[in-house]
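Per-chain residue numbering starts at 1, and chain names A, B, C and D are given in the order in which the chains are listed.
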Amino acid sequence: MPGTPPTRFVYLGPEGTFAEQALRTVPAAERGDRTPARSVGEALDAVRAGEADAALVPLENSIGGAVGVTLDELVEGDPLVITREVVLPVEFVLAARTGTTLTDVGSVAAHPQASTQCRGWLREHLPDATVVDVLSNGAAAAGAASGEYDAAICAPIGATRHRLAVLADKIADHPDAVTRFALVSRPGPPPPPTGDDLTSLAVCLAHDRVGALLAVLMELAVRGVNMTRIESRPTGEALGRYVFFLDCAGHVADVRLGEALQGLRRVCADVRFLGSYPRHRWSTAAGDQQAPAPPGLTDADYADAAAWVARLRSGELN
Amino acid sequence: MPGTPPTRFVYLGPEGTFAEQALRTVPAAERGDRTPARSVGEALDAVRAGEADAALVPLENSIGGAVGVTLDELVEGDPLVITREVVLPVEFVLAARTGTTLTDVGSVAAHPQASTQCRGWLREHLPDATVVDVLSNGAAAAGAASGEYDAAICAPIGATRHRLAVLADKIADHPDAVTRFALVSRPGPPPPPTGDDLTSLAVCLAHDRVGALLAVLMELAVRGVNMTRIESRPTGEALGRYVFFLDCAGHVADVRLGEALQGLRRVCADVRFLGSYPRHRWSTAAGDQQAPAPPGLTDADYADAAAWVARLRSGELN
Amino acid sequence: MPGTPPTRFVYLGPEGTFAEQALRTVPAAERGDRTPARSVGEALDAVRAGEADAALVPLENSIGGAVGVTLDELVEGDPLVITREVVLPVEFVLAARTGTTLTDVGSVAAHPQASTQCRGWLREHLPDATVVDVLSNGAAAAGAASGEYDAAICAPIGATRHRLAVLADKIADHPDAVTRFALVSRPGPPPPPTGDDLTSLAVCLAHDRVGALLAVLMELAVRGVNMTRIESRPTGEALGRYVFFLDCAGHVADVRLGEALQGLRRVCADVRFLGSYPRHRWSTAAGDQQAPAPPGLTDADYADAAAWVARLRSGELN
Amino acid sequence: MPGTPPTRFVYLGPEGTFAEQALRTVPAAERGDRTPARSVGEALDAVRAGEADAALVPLENSIGGAVGVTLDELVEGDPLVITREVVLPVEFVLAARTGTTLTDVGSVAAHPQASTQCRGWLREHLPDATVVDVLSNGAAAAGAASGEYDAAICAPIGATRHRLAVLADKIADHPDAVTRFALVSRPGPPPPPTGDDLTSLAVCLAHDRVGALLAVLMELAVRGVNMTRIESRPTGEALGRYVFFLDCAGHVADVRLGEALQGLRRVCADVRFLGSYPRHRWSTAAGDQQAPAPPGLTDADYADAAAWVARLRSGELN
C-alpha cells in the first residue's frame, strides 16, 4: 500500500555482518523486523514475493568494486526499485575469545576480501600467523568463537554478536574504505526529490559499438545530466555483451532527467529504471554534491521552452 | 484572420523580374492582387502593416548564395513566418527590340549578378559587346526597350513585359541554376505537416566559440533532425558576431522537431522561429527528400517514452 | 621567390575606395606599386598570372556580411593564400563640391550598401533628398565631382581623391562598422606563428547532412581548436550544396591545428587551405584574443604523447 | 631478452582448474614449464621478478563478469603487458570417485560461482543434495577425491587430475559460457599486427563527470576506433573514483589507434597501456570481427593527410 512505511526488512546475512549494521542506520528498520537472508537473491525474492517490505543489499565497495550478484539480481526477475542508499565505513576489527592476546594468535579466519583489505596490518602485526579463507565475515567470527581459529577479521557487529573481544580495531589498510548498500522495495512512487538525488538505471545498448555508448552519454550530456557511476556487467549471452549500470545525479521528477530518460528509452535496446532516491551524505569532497542545473536546464527553463513551442504550434506568437 | 486565404500579395519588384514570375506559380496569387515593392524591406513592411497578406521575396540563389537583405529583414522587426517556398529555375534570355539581330548588339545592359552568370555565353557569342552594369534585371529590360542599350540580359517575363524579342534563351552558364523564394505572412498557425516539410530558424549563439555551434548541432543530432542549410549573417555589432539561419527537415508539429526546438531555445541566446512549410519538390536528387524518422525517433516512439516516464513518476510500473 | 617581400600590389578599385585605404596600412604597399583592379576576380588573376605579388580584396563587412565573390574566387582557380588580414573601420562621409552646403543637397549618389548603412543619418539630416543608386563608392564621388549629383556618400579617401569637401563625417548608423580585407599571394611558406594567428579554410562536406558538419566541428573540438567564423557559400551545383569557409584560431605550424587539419582532410570531400596569418588587433573585446592552448593541447603535450606512443610501439617501457 | 620465446609459465592454480587448461592451448607453454600460483597477484609478481616469463590469469567470464583482482593487479606495480588472449569454453562436469552414481550423491562441493552457473541442472537432477561452498574448483575436486563430499562441480581437467569419474558433463545452464584469459609478460615489443587485434588500456579520468568519459569516447570515435569492452573498477580512494579498463579494436602500430592513444594520453589523468595482441577467434557472431578501417581512417589516409599538412607548412603547394 503506497504511503505505508515498510516494517518487515531482510538483509544479506548472516547476522553480524556489515549489511545488518547498515540496516540499523535506517530508523524504520531499527523499529521493525530484521531478518537475515542467505544470499542477495533470496533477500530480493523475499521482497518480490511480498514476504518482506524492503531488502538491504550491498551495491559496491570502494575497494572491491561493484557487487556483481546484486546488479545481476536487480536486472532479472520482477522489477524492484531502490528507495534509499546507505554508505557505511568498512571498519575491520581483529576479534578473539576473551583472554586471547595478540601474541597468542597463530591462525586468523577471514573472508578473502577482508584479509586482502587488511594485508598491510597483518604483515606488520601478525607476520607469522596463518590466514585461513572462510566464506563470510560472519563465518570468521563464528569460527573464532567456536575455537576453531585463534582470531577473526570481522565487522564490529560480528565481534559483539559472537561475544568476542576486540584485539585491534580499524585494521584495514584504507582507513576510508566504505561499502554502499541499497534499500530495495517493490515498485511504488519514488521518495520526493530533495535537490540532491540519484537515479539508478540499467541499460542494454542497441549494439556493441563505441557509438552506442556514445549515444547514451550524449542523451545525458545534452540535458546536462551528470553520471556519477558506470559499471558494465556481462549479460551472460556472450563475451562482449554487456548491461550497463548507471547512477545519474537527479530525480525522475526533474524535467531534464525525465527527458534524458525518454531519450535513453528511445536509443537503447532496453532500459530498466532502478529508482530515484536521496544521495547519502557520505563525503564532503568537492564535486560530490549535486550541482544546480546549469543555465537553460532548470525546470523553469524547460517549462518556458515547452510553452514557447506550444505557442509556435498554435501560431499565436514567437 | 486565420484560415482566410491571402488575397493581397506584394513581391520584390520591379515588374518583370523573377520574383513576379515566382509569385505567379502560387494559385491564390494568380487570382489575387499582385503589387511590386521597391525593396525586400518594403515588401515585408507592407505585410507587417497589414497592407498586404503575404510577400514573396528571394531567399537564396544556387549561384549567388543567400540573399542577405532578406535574412536581415526577417530577423529584425515584428515576427513574420514563411508559409511556402517557391523554387524557380533561373533562365536568362538576351532580349532586344524587334528587328535587332545578334550582330547588331554593341551594348548589353545587365545586373552584375546576371552578367556574371552568363559570362561564358557572352564570351562566346558577343566577345566584342560592352556590358553595362545596371541595378536590376527589370532595369536592363527597360533600358533595352528605351533604346539606351542594344540588348538586355533579363528574365523571360521581363522580355514579355517590355515587348522585347528574345535573341537567345537559356544563356546562363549553369543551366540548373535556381532561385528559392519565400512567401511570408504575419504569424498564424503553420500549414499542416505533409511528411516532407522544412522549418526555418534564426539563432544567436550564447557565445562565439566552436562549442556553442557544436551544442546547437548536438541538440539537432540527438533528435535525429537533419539540417539542410546553414547560413551565417553578421549581427552588425562586430566582426565575428553572427546570427545563423538554419533550415531543418521536419515540421514544428513533429514531436522530435519540437523537442529539438525546445533544446535550442534553452541553449541559445535567442531563437526566432521563421516557419514550417512544405518542401518544394524542386529536385529528385538522392538525399533531397525527407528521410522517415529513424528508429526511436518517430512520434510514436516519443509518445511511448513519455508515457513510460510518466509511469515511472507515478510509481505504477517499469 | 620565397623571402622576397612583395613590391607590386593590386587592390579592388576604383581608386578612392576603402580597399585602397586598407592597402595603404600595409608598410610594403605604401612603399611599393599599387594598382586598382576592376573586380576581385581581376585582382586575384593578376596575382595568379605573376603580374602582381599580392592583392588586397574585401572578405567581409560587419554590416553586410561575407563578400561572396571573394570567397568564390579564392576557392576556384589556382590556389592562393592569405598572408595578412587588414580590418578597417568603415567611416562614411557626405562629400560635395566646395561651396555646397547641406541645404543645397537635393540628390545624393551612393552605392546601395552605403546608403543602407547611413539610412538613419539621411532620414534625420536630408529627409527630402533623392538617393540615387550607383555602382561603387568611387563612382558616387566621381558623380558628385562631375556635378551629376549634388553630393556623394563615400569613403574619406574618395573625397580626397576627387577634391570634394566633407559636409559631414562618420554618418554611418553603426559607428563601429568595419570591413575585413585579405592580402592574398601565390602559395609560399606562411608567415611565422605569432601566438595569435588565424587559419582560413574552405571545406566541402562529404555529404549534406547535419552529421557531416558535426564531424567537422568534432575534429576541431577534439583538438581544442576554436572556430571564429563559419560562412556557407553555394557550390553552384544545386541548392543545398555548400562550401564552408572557416576561420580557426591558430597557425598551421601549431601541432594541434595540424592534427585537426589532417582530420578534416580525412573526413571531408575536399579541403582547401587558404593561409595562416597574424590576427589583426582590431578589437579589445573579451574573447577576441587567442586563448592559450588548454591543458593537454600544447605543442609540448603533443610531443610528450607522440613520444609515449613511440615508446609503446618499440616495447621499451610504459 | 626480446625475441626469445617464453619457456617458464605460471598460471592461476591450483592444478586442475580452467587456467591450467587454458595455458595448455598455448603451444610454447605445452612444451615449457608450467607452475601453478596461489593467486593472481603471486602469478604476476613471479613475472615481474623474472622468475617466470609469462603468466596466464583470468580476465573475465561471460557469466560472472570481470575478474576484479586481475584488473587491479595489472594496474598496480611495475608495468606488464598482455601478449595473447585465450578464450576457453567453461564446461563444468559433475565428478565423483569411481563407483559413485547420481543417486548416491547427497553432498556436492562447489565454488559458489560454479554452483551458481549450474543452478538449473542441480535443481533438476539433484534437488535434494546439499551444495557446500568451497574456495576453488580445484578444492571441490580434491574434496570429492578425499571422500569429504560425495561429488564435485569442477573443470574436466580437475576430474582427470584427481582421478574422478565424470557423472555428467556440460552441466552449466549457459552452454556457451566462456572465460577469457590473458597471457601476461614483462614489457617488450608487441606481437606484430594481424589485422584483427585488440589493445587493452587502463585509464583514469581527469575528473568524475560524464564529460570526462565522453571526452575519452570522442577521442576514440573521431579516429573510428571501436571499443569492445569497458569495465570500471574503484581506485580504492573513495566511492565514485574509478579506473576504466578498455579493450579497443586495433593495434598500437595502427596509425589511427596510435593517434587515439595520444589523445587519451593528453585528456586523461593517466593511461596505462596493457598490450596489443591478436584477437582470439572465439566467436563467429556478426560484428565480432574487426571491421576494416572506414573511409578516411586507413593508414594510407593518415599518411596522405600528414604529407599534405607537411606540404602546407613548407608552403610548397596545396
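Operating definition for what follows: contacts are C-beta pairs under 8 Å (C-beta built on N, C-alpha and C of every residue); 3 or more make two chains touch, one makes a residue touch a chain.
For each chain, UniProt lists the protein as follows: A, B, C, D = Prephenate dehydratase.
All values reported here derive from a predicted model rather than from experimental measurement.
In summary, no chain was found to touch both chain B and chain C.
Residue numbering shows that chain A and chain D use the same positions for more than half of their mutual interface. Centres computed as Cα averages put chain A at a distance of 59 Å from chain C. Put simply, the C-alpha centre of chain A and that of chain D have 26 angstrom between them. A straight line joining the Cα centres of chain C and chain D is 57 Å long.
The residues of chain C that reach two or more other chains are 218, 221, listed in rising order. Chain contacts here close into one cycle, and each chain has exactly two touching partners. By the contact rule set out at the top, the touching chain pairs are A-B, A-D, B-C, C-D. Against chain D, in their complex, chain A makes its touches with residues 60-66, 68, 87, 112, 133, 135, 174, 176-178, 180, 207-211, 213-214, 217-218, 220-221, 225-234, 236-242, 282-283, 285, 287-288. Of all the residues in chain B, the ones that touch chain A in their complex are 2, 79, 187-190, 218-219, 221-222, 252-253, 258-259, 261-263, 265-267, 272-273, 296-297, 301-302, 304-306, 308-309, 312-318.
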